[in-house]
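So, here come the structures, one by one.
First subunit A sits with subunit B, and in the next complex the same chain sits with subunit C.
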Partner chain A sequence: MQVNKPSQSLKRPPAPGVDRTTLMLVGALVILLAVGPILPRWAMFMLNVSLSWGTVVLGMLLLMRTGLVSFGTGLYYCLGAYAAGALHHFYGIADVAVMLAASVAVAAAVAVVLGFLLAKYRDIFFAMLSLAFSMILYGLLVKTSALGSTDGFGLSVKTIAGFPLGEWERNLMFSTTVVVAFCAALGMHRYLSSHQGRLASAIRDNELRVEYMGASVRRVIHVNYVISAALAGAGGGLVGIAIGHVDPEMAFWTTSGEFVFIAILAGTGSVLAPFLGAIIFETVRSFAYEYSPNTWQLILGTTMLLVIMFLPGGLWSIFTRRKAA
Partner chain B sequence: MNQFLAIVIDGIIYSSWLFIIAVGLTLIYGVMKILNVAHGSLYALGAYAATAFGGYWLAQGYPPIGSYGMLVLAAVFVGLVAGPLIERGLLRLMYGKDEVVLVLVTYAVFLILEDMTKLAFGVDPLSIPEPYGLLGSFEIGELMYPTYSLVLVLVSVFVAVALALFLGRTRHGKVLQAVIHDREIASAVGINVSRVYLVTFTAGVMLAALGGALTAPTISVQPGIAAEVIVLAFAVVVIGGLGSLGGAALGAVIVGMVRAWAVHKWPEVELFSVYAVMALVLIMRPKGLFAAPEARKI
Partner chain C sequence: MGKMFVRAVAGLALAAVAAYSGAADAQQKRDKIRIGFVTFLSGPAAGPFGVPARLAAEAIVEQLNAGKVPAPYDTKGFGGAPLELVVIDEAGGTTKQVSEFRSLVSRQNVDYVIGYISSGDCLAIAPVAEEMKKVTVLFDCGTPRVFEEASYRYVFRTRPHATMDAVAAVRYLLEMKPAVKTYGGINQNYAWGQDSWNDFDLSMKALKPDATVTTSQMPKFGSGQYGAEISALLQSRSDVIHSSLWGGDLEALMMQAVPRGLFRRSQLILVAGEPYLHRLGANMPDGTIVGARGTHGVFAPESTLNTWLHKAYRTKADHDPNYPAYSVALAFLGLKAAFEKAKLEQLGGKGGKEEMEKAPGVGPGDEQLIAAFEGLSFDSPSGRATMSLGKGHQAVMGTAYGTTKRVGGKVTVTNIKRYPAEAVTPPEGMSSPDWIKGGMKK
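Up next is the complex of A and B:
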């Protein structure tokens, strides 16, 4: 029998309503929307992709709070991107809102089905089965010539909820990503403070006790799994639109591995952490690709080891630790 | 009939290869409970070392038959250097942590080794085709097969039998089984568990490198092979049951046959079939086909 340390959120329950995190989120929203138009193109693109990735990692945060690490998030990330892309590719639909709705819907629908299976799995078996599912999608896409096989296909957008994007496309897309990321983070923050959300860390600490208290562990895990998939789908859709291209690599396990990396780097302490982690990740990656393409993964791996050894709570724990002192 | 024979023979060859690349992974998991994501990188390292060792041997003008020895030597070399380095230098600090954390640790090692290989050997494809071409080919009915494939089959059978005999019939093997069964009791009765871990990890790395070294003559050795191999190895060991030697053999045969069947009958599903089988087995028997039932721990 092993004694579990109480988790962070049990020690210090976040207060509902307008609290520090909500204020920070609103502040970040205002700043990003205001700063967006004056950013150079490359920075805006980088920030756009970072926030989309942050949305994906936000879903992983929820699973990690539940004690589950998925090596198959790429499945939903890729599904989201392909759902958005396929609308344009086959039906000529080029509306951002419709595309994103499709991304989320497809990812969530698949997660509802697979969730029935995965909710029974823990630890490395959860990691392995989710990995297998995402590799199945990868294998399918690589051999499907209608979807461009290994090359994938391109997509473009023209309107957002019927409103033409025109020459403002870049700015409006950036704002869309900011708003989606904000809504996701705020929603997740509220969810984590709710009764159901708080069960996540309880399950990680001791499942059996949660069952004794009358909650269904499988149902909570299933719901959390679907939420995390929907977020990954949204992130995938946003990245697909931002880059204007989708390909099967999005479902390959190394993509999921990068999400895991960001989640570990950032920590699960706050809904803001995934976005911070993603921004750091994207920034370092962009510069590393530019100046030293063959040492990028070396940096990643070393950072990951250092974080696991010395900062088990991720970068975010630096802030909370100082606050506690 | 001919196609059936072709599927079976291709399946056997592919299964043998899968067994060699996966057996080290299951050995390490069985003893140390570490799912080693870096296994693929060690495979790649073995392949690169093989091109370097074999290339050097051939460049010196020594008899080409000796290049087989160099392939094995490359694997032993990688095992003896990388094994103790990773186990003593890193993993030892991590024992007692969660299995999932150890997956993340070895994933970090995977990332580091990816770039170390690039820095050491460059990003251009390397090759060492001589050992492959040297043996010629043989015929079964109307079908031609490279004799080198036969070598792969023999090596994998040899590895399987040697490991099974070692585990079941020798004193060291029984010590290993004791550690697998209960680490604490084993150390209480005087078994040096730390040394068993070191030796096991080194042996596992050597097997990964051997897989890479023996594959090197048949492929072009380039960045990216590690990421492909590790998921295949995962599929094999997960199907059979993590940590089970017989399971790895069974997993290799199932995956090998399914893939050979897919290649001949339904090429579109080739890549996807392996993972479909993996998912199916995990759904039916979550701990793999050969895993023993486990008591629920509170």
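Up next is the complex of A and C:
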């Protein structure tokens, strides 16, 4: 998947600290926090889910910059959601902060282990192997009647870091998602401009050269894999809590496919792209459901086709195209 | 870059504003009752369940709006107010369905929601309906977990839950073949298949403790190839084979198993076999025990409502209505009965059709509607339903099983036995597995 021209990554690194992306992120944070409460409820919920998905795709962006496309992001997305759900289901814990911490921890822990194997693989082998792991989780969950099999089970939340949510639950969950997405995007932005982060595109361009320069390709890939899994776990936890229900479908390959869809739609040009991509994907999907309930898949497919044909670098390339010309 | 960026953002903002304001317009109309209807329009459940349900919903709404439904449903629409359907695809999983439910309620401003075939969707939607305080009627999903694990004020289910499918199958089997010694099963490896087999197995253990299980085959959903499973079942030499397969999976199993003579050796029970009787034709062996998950389709008792549904459905399709179509009728007629009961109370407790149609704009609030709906008994093409479980939110009905027999090339069902609700459904406050294990006492 050719997303960025190699020359771009060789450009002078942006000045550390406050750059344009950081400003845009802070701007988006302020706007979303201010606008959230006055949005219609359906729009707030759609944004909530989109931003959570954006967080998942942000992790994929890191892998794609490293030259790897995962068709198994659903594994960590589902693990994150089930970790949050299981806390409620088995231990009666209903605190958003604790649940999210568990989502991230479980996803990251599994990624540390699987990373030893997956960091050896590239291209289609990486994609297929990651897909296989997510389908193993799907198979296990489907066989587990105690967790409701394909029906899944419900979860609910009462507090956030000890404070009761009360009737403000939806608003507070939205704000939490906005803040988590913001922190993830800002952290990713800083990471990508760091030494370790910049090795990602170097690996994609030429692994041998990176090894010659003294960096361990496998270690970088392993670390990036764990970061991407942690973000998928966080996204899964956020979605599980927002929906109030988790089921094995979250690990099914079509879910991972949707994340790849969003990633391609958005492009890897900026840490803001995954969020924009997710919002557009969810908006197009929802209105397609409403206006053409029989052919909504056709509309999504056409959107994808148009983006691939006219914006091969994803939607974000609208903003960067001028600069390059 | 700057100009391009500003333009793009402005474009997006405009599009968003247009979309949102378009949505706002929709809520001003109050002369119609908008009903969100959610059913599978794509995916494996669309053909056998989702699309027949949509056809039935469209036919029923047309008939209701024209005032052509037999008494006691002959008032136009709901209490004189015409109905408008907003149809949404149920495909895509619970995440999308919860999102879409919220959009139906707060963007499309539907007055009521009728929908959901998948049990997973029902479990996910019920708490959201409660949170959004939107009266929601679950029409076709079967899992007893909905009202056995929680209780809801705004959520109703107008069809009985799935426990009775297995319990009645066992009762029927033991009436027809009391000497059963061994039984096996072939069920899809997902919640419906697992639950069906577990309930059947538990019921057999309770009512026929000396019979033994030979094998339980659990092919994955949608696998389509059953060579290995059929071999295992042939080798098991079971007296009885239980199956809850449906759709393309069931058709594939029958095509592959009938030529191998599996059912010459073993008695087959198809819990959800009714919609496939005519499609399978020669591949439906004589003597197969079939159910319709209730007194629907060929098991529906003769009544003017049943005849009406057949006629109405036939205007939309070239085949007879199957059990999802009957489930849809239950949902619409149940909601209508509750609505009109509440509206009559609102109008002073007297009068009827004429009085209601004179004041089409008057309608009960949700609280009055819920009060009227809880515990309601109403007639339907499948017979009489009573909302007596789940604190008055879950319907119970009797059910029926029968045996297939080909007459002149057409598959018919004979030896129909009916079971009253209390023989096949647990009482209030008892979970289905506990009730079955306890010997299914009334």
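Please note the rule applied: the second predicted complex is superposed on the first by the 311 of 325 C-alpha atoms of A that agree within 3 Å, B and C clash if a C-alpha of one lies under 4 Å from a C-alpha of the other, contacts with A are read in each partner's own complex, and residues count from 1 in each chain.
We take it that contacts are C-beta pairs under 8 Å (C-beta built on N, C-alpha and C of every residue); 3 or more make two chains touch, one makes a residue touch a chain.
The structure displayed is predicted, hence computed values, not measured ones.
Applying the stated clash criterion after superposition on subunit A shows that subunit B and subunit C collide.
When the two structures are aligned on the shared chain, A:Pro40 is found in touch with subunit C, with no touch to subunit B. Within the superposed three-chain model, A:Lys120 lies in touch with subunit B and out of touch with subunit C [touch as defined at top].
Once the two complexes are overlaid on the shared chain, A:Leu298 sits against subunit B while remaining clear of subunit C. Within the superposed three-chain model, A:Leu140 lies in touch with subunit B and out of touch with subunit C [touch as defined at top]. In the superposition on chain A, no contact is made by A:Ala111 with either subunit B or subunit C. When the two structures are aligned on the shared chain, A:Gly152 is found in touch with subunit C, with no touch to subunit B.
For the superposition on chain A, the stretches of subunit C under consideration are 127-135, 163-171 or 253-261; the one running into subunit B is 253-261.
Residues 142-143, 252, 294, 296-297 of subunit A lie at the contact with subunit B in one complex and at the contact with subunit C in the other. Of all the residues in subunit B, the ones that touch subunit A in their complex are 35, 90, 93-94, 98-101, 103-105, 107-116, 118-119, 123, 227, 231, 234-235, 238, 242, 267-276, 278-279, 282-283, 286-287, 297-298. Interface of subunit A with subunit B (complex): residues 1, 69, 71, 117, 120-121, 123-125, 127-129, 131-133, 135-136, 138-140, 142-144, 208, 252-254, 257, 260-261, 264, 294-298, 300-302, 304-305, 308-309.
On subunit C, the positions that touch subunit A within their shared complex are 1, 3-5, 8, 16, 19-20, 23, 41-42, 86-89, 93-96, 98-100, 102-103, 105-108, 119-120, 123-124, 127-128, 132, 143, 145, 150, 189-192, 194-195, 198, 220-221. Against subunit C, in their complex, subunit A makes its touches with residues 40-43, 45-46, 49, 142-143, 145, 148-154, 156, 239, 243-245, 247, 249-250, 252, 255, 282-283, 285-287, 289-290, 293-294, 296-297, 318-323.
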